[in-house]
Each structure stands twice: as structure tokens, then as C-alpha cells.
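My questions will all concern the structure given below.
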Amino acid sequence: MSTEPLRITVWNEGVHEARQQPANISSYYPDGIHGAIAQGLAEHLPDASIRTATLAEVEHGLTEDVLAHTDVLFWWGHIAHDEVSDEVVERVRRHVLGGMGLVVLHSGHFSKIFITLMGTTCSLKWRNEAERELVFNVNPAHPISAGLPSPIVIPHQEMYGELFDIPKFDDLVFISSFTGGEVFRSGVTFSRGRGRIFYFSPGDQEYPVYLQPEIRHVLANAAAWAAQPGLREHRQPEVSNAERDWFGG
Amino acid sequence: MSTEPLRITVWNEGVHEARQQPANISSYYPDGIHGAIAQGLAEHLPDASIRTATLAEVEHGLTEDVLAHTDVLFWWGHIAHDEVSDEVVERVRRHVLGGMGLVVLHSGHFSKIFITLMGTTCSLKWRNEAERELVFNVNPAHPISAGLPSPIVIPHQEMYGELFDIPKFDDLVFISSFTGGEVFRSGVTFSRGRGRIFYFSPGDQEYPVYLQPEIRHVLANAAAWAAQPGLREHRQPEVSNAERDWFGG
Amino acid sequence: MSTEPLRITVWNEGVHEARQQPANISSYYPDGIHGAIAQGLAEHLPDASIRTATLAEVEHGLTEDVLAHTDVLFWWGHIAHDEVSDEVVERVRRHVLGGMGLVVLHSGHFSKIFITLMGTTCSLKWRNEAERELVFNVNPAHPISAGLPSPIVIPHQEMYGELFDIPKFDDLVFISSFTGGEVFRSGVTFSRGRGRIFYFSPGDQEYPVYLQPEIRHVLANAAAWAAQPGLREHRQPEVSNAERDWFGG
Amino acid sequence: MSTEPLRITVWNEGVHEARQQPANISSYYPDGIHGAIAQGLAEHLPDASIRTATLAEVEHGLTEDVLAHTDVLFWWGHIAHDEVSDEVVERVRRHVLGGMGLVVLHSGHFSKIFITLMGTTCSLKWRNEAERELVFNVNPAHPISAGLPSPIVIPHQEMYGELFDIPKFDDLVFISSFTGGEVFRSGVTFSRGRGRIFYFSPGDQEYPVYLQPEIRHVLANAAAWAAQPGLREHRQPEVSNAERDWFGG
């Protein structure tokens, strides 16, 4: 019930953009994948404070100070997962367990931070043949699917298919199918410690998925759902030796 | 860890068979849908005691005595849900809450017993155009998917699509896709009281799905999973006024 | 992300108040249990529109028009569950499945509406000896526990103990213990259709629990969580025969 | 439905026994904690093949060969978590993801293997004052609670209390309370990859909990539930680039 503005940080490894892979990436993402995501969020959350950060920045742009003032962190990575320092991954993990929201996108399924928080391999099947993806809402009571059509039709996307090796989720929100017949749990929530996590699979570097209005709406819903702007600080759960009647009962 | 033989009752409304709808139903289901299911179970569970029951029998063949000696009840119904007496539904419900397993198949999603146990509308999308159904295993740790390929390919089936209006499940085991692109949570477990429930959507009266070896394997896994042959009786949970230290501590 | 004010209806059977059972009930609940709940909600949700309704009113105060303009319905009942008309129960159910939030309190576990939506007996153990209840937060990431201490200490309460016969929940938020050693899943969320449901057990007619600040905070959090003020109407899921490519893909 | 005998490995760090802490530990655990657990399992699972392993052995007794022939691994550790080699932890993790069952006991909540598989801090509250623990069954449909009384009364135990920082569980089976009023989710299941995990909190080195018949019964139920003796090998999920129609549909 906090009315403070959301503070969102959109992280992108930024390597596809730097290498111009694919060659035309700047034609649809002139400000990078992070720029497109940030713009999409801003359309829906005009009061939010939105910044971006990339791998090439000092500490990947994810300093203690940045994370301490972030309510939700978006994460896009693909070909440079190994270049993310373990120290930064541990820092992000500590903030998530302390209450910072985390939205992991597409190929971020294989990021260090996601695997660490899940405890599984996070492996899946994939195929890059520009197939149609249909994103069906299987949880109409969930805030992340509010106001959205079902299915969301994505004309061209990389296929991600089951088995997606993830642990038990809090809520399954979206299931996708692809032209080739595969299915995928494409929108899934998890909680870890005090933090809320949403994994959302649409969004490859080769297809301008983050320009699509319904996808932007999903991302904005996810930000609002994952954020806890009322938290003073991100404090992860800790062990304690509790005396009898410590609660003053 | 009981080694007693499973006692299975396969219930079928039996109306499609009686009316010969479709006209060739007896060519693939000469002993009815219940007969095919019972035969499939017997292949995998040679020690099980398997009987069948139908709507036309006295008390639909589901007397107190039959249910008291049933570890798992399979339920197939479609065009005669309303003809099932409320008294029998209430009796089945009491036994499920008391520990009898229940496997609800295909159009049984709209049976009185399933709706009553779910608390939702159990509605869905459907289309009967002989589409290919792919049944993907999304839960390889679950006993019901043990030993099965993924996907199971069903050449021709009625399409069932989301939104399938069911409550939170215990475990999601299978997700299907269809030629038209729709997806469906086709294998889902629930517990109610002391009882275990599995809903499995493949199996329309127009397509001989219950002759397919993988489908029979799923049904046998489900029977073994849902059964609690060690239970002496099916006793549903009851309210009680508990004295202090009733547990003798 | 709607900013429309919440519309809350607090329903109470109102029979304890009418019969003055216990004799001193009006000393702590001068405006009835519903009055105390409404006042507690108003403290935390000053912009909300809050009304009350009781069993004695025409249609128990829950007309189609009232429900159509209610984002969250609170439900308190105890000794008059059977006097609630089946027609009103069905109407409430339809609105919940269509997206109206429902918060069921204490002895409402045995209300027709709760049993119908759960599909189980909803039975439990109870003992009325003014025991201390400790309400522990086991889900610090959940909006309903935000800003609250753990445990909440309730000096005197009726004991509710396991086995609480409920189906799989969406989220378990609170677990209580009592002086006698029993435990109870005292704060549990469910979704049904498009609607969100929260069951919260504290709050007997003999103890002024709804005057306690932390309890009022829980109720306000629950209202904000369960409400979907952005919904135009409460429309429950429906079956449909879907043509190929109905989604325009 | 495999009828092959279970192959169980009971692992214990064995440090309390080696140091005789507490001094009388050999009076109730003459064969160590692992010995007591193995004996309890053998009582209920006479056909099982049960071995033990400890930290002091080469590779902690958990070689590739041992794990490849283990259906369920029990894990008890406390003061030597850090002495378990990362290589062995990674090996155990790979086998669990590949289908080996894992039962983590008591202070094993802080073992490397459990934290790695959970993705959270696994922290909790504790107090060692020989309090009475009541273990309530909140899931009577679950195989692990079959045949057991509720509550199980443990006369003297270390207190473990919430917040227990674990992720969403597959099933919550037991909730405990302690003399001091704290509650704890004391029996919880998880799946990771193809493997089934059960965490069970009773069992401190200072109290002979593993001699108690009901506790032994829980452990045997857990072994039978977690084992997949039908698996040929433990193969964790892997990523793959799937061609169109790889499933031969």
C-alpha cells in the first residue's frame, strides 16, 4: 500500500549490441535491449524512476548503492553469463533474498543469478527458426496477467521448449506453444527469502519482441508485482539463537 | 509400503456405447471405454483386482460396499453428467475425502464429482477436429510420468485448451499442445482430505486413445500413485472439540 | 496498477450481536463485529469505500448490485451458516470466480461459501479456553505479511488446530500456535477462477481480536491484495467451442 | 511400480561421535547417528540394502560408484559442513538432479548440499533447552505421513523456529510446535530435476530422537517415497538444440 514511486534498474549484458549481432540489431533496438525495456516500462509506469546498467560498467553498474535503491531489477543476458563476476552475483542474490524484486528474461535462464536462486540446471530445449509463439494466460487471478489478452501472439520468436528444469514455482502464469508444437512454462513466479522473482521467456536478440505492446504490459505488471517500495532496506533472513519468550508474549 | 493388491473400479457412463455414438465406437472399444481402460490397467498391474461399473447399473454400480473396497476409482463421463444422482456423487466425494484415489478422465472435467471437489467451473475451450496432441512431461520427478517418453504423440484427439478453470494443483505433470496451437494442462494432481486425485485429459469417445500403450502406462502409473491400499477404511476428516493435552503429551 | 479506490463490503451474520452472546459483546464491539472490521480497514485504507451487510437484511445485503460494485468481500459467520440462502451463496460464488476478492474470517471456515469454493470438509479441531495465540509469518515476501511483526501475539483466543482440512493453497502466509501446543495454518491464500481468496483464522466473538492493531493491519493488507479494482465486471470463466485460429494468429 | 529392493546410503559427518560430544552420545547412539538411522530403516524396510558413509572416509564415502547405486541418500551434518568438499557436494547435486532421492535431517538445513539445492539461506531460529516438540500431520494424503499418529510427541528436542528461509515447497507434510510456542515447517518435500527431496527437522545429537518408533517410521516412509529404484541411471536434465519434429510426430 506504499505510494512511493518504483525504482527500477534494467540490466543488460549489452554484448549483442556492442558486436552488432545480429547486424541489424540497432534498427529495432537503437538504445539496446535495455533501452527498449526501459522505454516499455516507462509507458506504463510514468512515475517510476528507471535506470539501466550493463556488463561493461564498473561492477557491471550494480554497485551496493545502486542495488540498495532498486525495488526491481530486470536481467537480460545471453552470451556473456560467465563474464559476470561472482562477487556481483552474490551481491544481487543478497539483495533479492532481502526483498529486491528480480525479473529474469529469456536467455537469462542460464545466468548465474538465476541458476543460483533456483538450485536446478535451468536447462531447456531451443531452436531458432522464427516460429510463432502463443503465450496463454493460465492464471487470470494473478496481477501479472491483469489486463492482457490470451494468447499474446508473438509473430517470430526463438523456440524454448520443455523440459524446463526449474523447481516448484509459486505461480504459473503463462504457458507458450510454438509452431513446431513444443510447449514452455513461459511466465513463472518464485519467492526466495523476502524477494519476489518472475521469469518470462519471450525476448530474443533477433526478434523485436520488447517493442510489442502486450509484452511491455507484461513487464510493467511484473515490475509492479515484484516491487516492495515500502521496504526500508534489503535484509536477508538470518539465523538466530532465540531466548524463551523473546517475542514478549 | 503396503504390498496388498490394488482394487480398482473403472466407472463409465456407457451412454456413447449404448447409443453407438459414434457409429463405429464398438470397432475400437468393443467392451466399451471402461473395458479398454480396465484392459490397459491389467496389462501393467497384473496383480490388481479390477472391476467396472456404469451409469445404468443400480446406484450406478457405486454402492457403499463397492466404494469401501475400492482403492482407486476411474471416472469417464460426457453426455450424461446430469443423470448421475446427487446421492452417489456425495457418496463418492465422502470416500475420496476419506482416502480413495480418483482419476478423472477427459470430459469428466464437467462431471459433478470433479466440479464439487475443485470448487471452480472447470470450464475450458474445445474443438473436435482430430488434431494431433503432444503430451509433454514437465515433472520428471513425479511417479505418474515415470518410464514414459516425452512427448507422448496422440495422432488424433479432440482439442482441449486454456483457460482450464481449475484451482491450484498439487503437481502439474503434463502440458499438451494441439495442431491449432492451443495448450492445456493435461495431467494435474490434487489432494482433497485424505484422497489423491489425478485429472488426465486425453481420451475422447471418437478416437481410440485408450488403446495407445503410453496412455495405458500413464493410467497405470496414476492408479499406483493414487491408491492407498494400506488404509483400513475411508474416513473423511471431521471436526472435534479437543481437550487440552488430548495427545497425551 | 489501478488507482481507483477500493470498494469493500464487510458481511457479518450479526447473530451474536442480536442475541448478546456473549453478554458483554457490545462492550468491545459496540457496532458489531462488522463495525469493528470496517473501522480497522478504514484506518489503513482511508480512500476505500467501505460498507457493511448482515444476514437479517433483504438478500442478506448481498444483492447483485452490491456484489457488482464490491472489490473485496469480508465474511464473518458462525452460528447461522445454514440460514444463508443457497441463492446468495451461489451469487457470491459467481462473483468470486469472476474476480471479486473474498476474505473469510475465523468460524467462516464452515460457511457454505468457503466449503463450496474449497471442495473439502474444512473441518478442524477447536477449544475455547482463552489461550494465547502466536501468529508467525512464514512468508515474508507476501504482500499480506508486509510491515507486520512476527509473531503477532493475541493474548486470548479460541484454539483452532490441525488437521485443517483444506486443499492445496496458493500461499501459506501465517502459522499459529496456541498455549496447548496445537498448530494451525491461520493465514492461507487460494485462487478460484479470476478471484483471490484469503482465509484468516483469528477473531472469535468472545475476544476483541479485531480491535488489535496488528490484526487490523493484516485485514487491510488482505483487502489490498485481494482486490482487483481495475476489473470492469466480475465474469466467471466459461466453456467455449473455439474455431481454429480464433486468436487471429 | 518397480519391485527392486531399495538401495539406501545413510551419510553422517560423524564428528559428534568421534569427539564424544555430548559425552554420553554413545550411550544412546552406540553405532553413531548413522547407525541408529540405518537400524530404524531396516526395521521397516527389511528388503532394503542399507549402507552408511561418513565424512572421514575417502571422498566422504560418497564416490561416484556409491552414488550411482544409491536410490536414496540420507544426510546428517552439523558442525563440519565446511569440511565437506565442494567436489563431493557437486557430485551429490548431480545425482539428485538425476533422480537420486535425498533426505536431509535436522541441522543438515545448513549443509552445502541443501543450501545449493534450495537457493535460499535456509536460516532459522533455534534454542537448545530440551523442549517438547509436537509434530503435526497437515497432509494426510501424503505417503510420508501414512500410518502415523498426529501429533508425534518428542519429549525433548532442540527448538527450530520460523522463519525457516526455504523456497516454495512441493508439499508441506508436518508442522511442529515447541514448549516455548514457536512453530516450524518440520517436514517438507521438494523436487529438483528428476530427484525428490525431503527435509525433516527432528533429530539432534543431544536427544535420542532416532530411537523413537514414530520417527523411524517417518524416515522409512520418506525413503520409500524418495526412491526411484526403476531408474537405470541418474541423468540430470540437459540443454539441447531440438530440430523441428524431433519427436517423430
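Chains: A, B, C and D, in written order; residue numbering restarts at 1 for each.
What we mean here is this: a residue touches a chain if its C-beta (ideal position, glycine included) is under 8 Å from a C-beta of that chain, and two chains touch if they have at least 3 such contacts.
Predicted model, so just to flag it, every value in this text is computed and none were measured.
K.L.:
Going chain by chain, each one touching the next, work out the least steps from chain B to chain D.
P.N.:
Between chain B and chain D, the shortest chain-hopping route counts 1.
K.L.:
Could you say what rotation angle superposes chain B on its sequence twin chain C, using C-alpha positions and rounding to the nearest 5°?
P.N.:
It works out to 180 degrees.
K.L.:
Measuring centre to centre, with centres taken as mean CA positions, what chain is farthest from chain B?
P.N.:
The most distant chain relative to chain B turns out to be A.
K.L.:
Does C-D or A-D have more contacting C-beta pairs?
P.N.:
Most contacts of the two pairs: A-D.
K.L.:
Which whole number of Å gives the spacing of the CA centres of chain A and chain D?
P.N.:
A distance of 33 Å separates the two centres.
K.L.:
Just give me the whole-number Å value for how far the CA centre of chain C lies from that of chain D.
P.N.:
For chain C versus chain D, the centre distance works out to 37 Å.
K.L.:
Which residues belonging to chain D are in contact with no fewer than two other chains?
P.N.:
In chain D, 132, 134, 140, 151, 161, 163, 170, 181-182, 191-193, 237, 247, 249 touch at least two other chains.
K.L.:
Write out the stretch or stretches of chain A touching chain D in their complex.
P.N.:
97, 110, 116-121, 123-127, 129, 159, 161, 163, 165, 167-170, 180-182, 190-193, 236-245, 247, 249
K.L.:
Under the touch definition given earlier, write down the residues of chain D that touch chain B in their complex.
P.N.:
1, 44-45, 99, 132, 134, 139-142, 146-147, 151, 153, 170-171, 191-196, 220-221, 224, 228, 230, 237, 247-249
K.L.:
Where on chain C does chain D make contact in their complex?
P.N.:
Per the touch definition, chain C meets chain D at residues 132, 134, 136-138, 140, 150-151, 161-164, 172, 175-177, 179, 181-183, 185.
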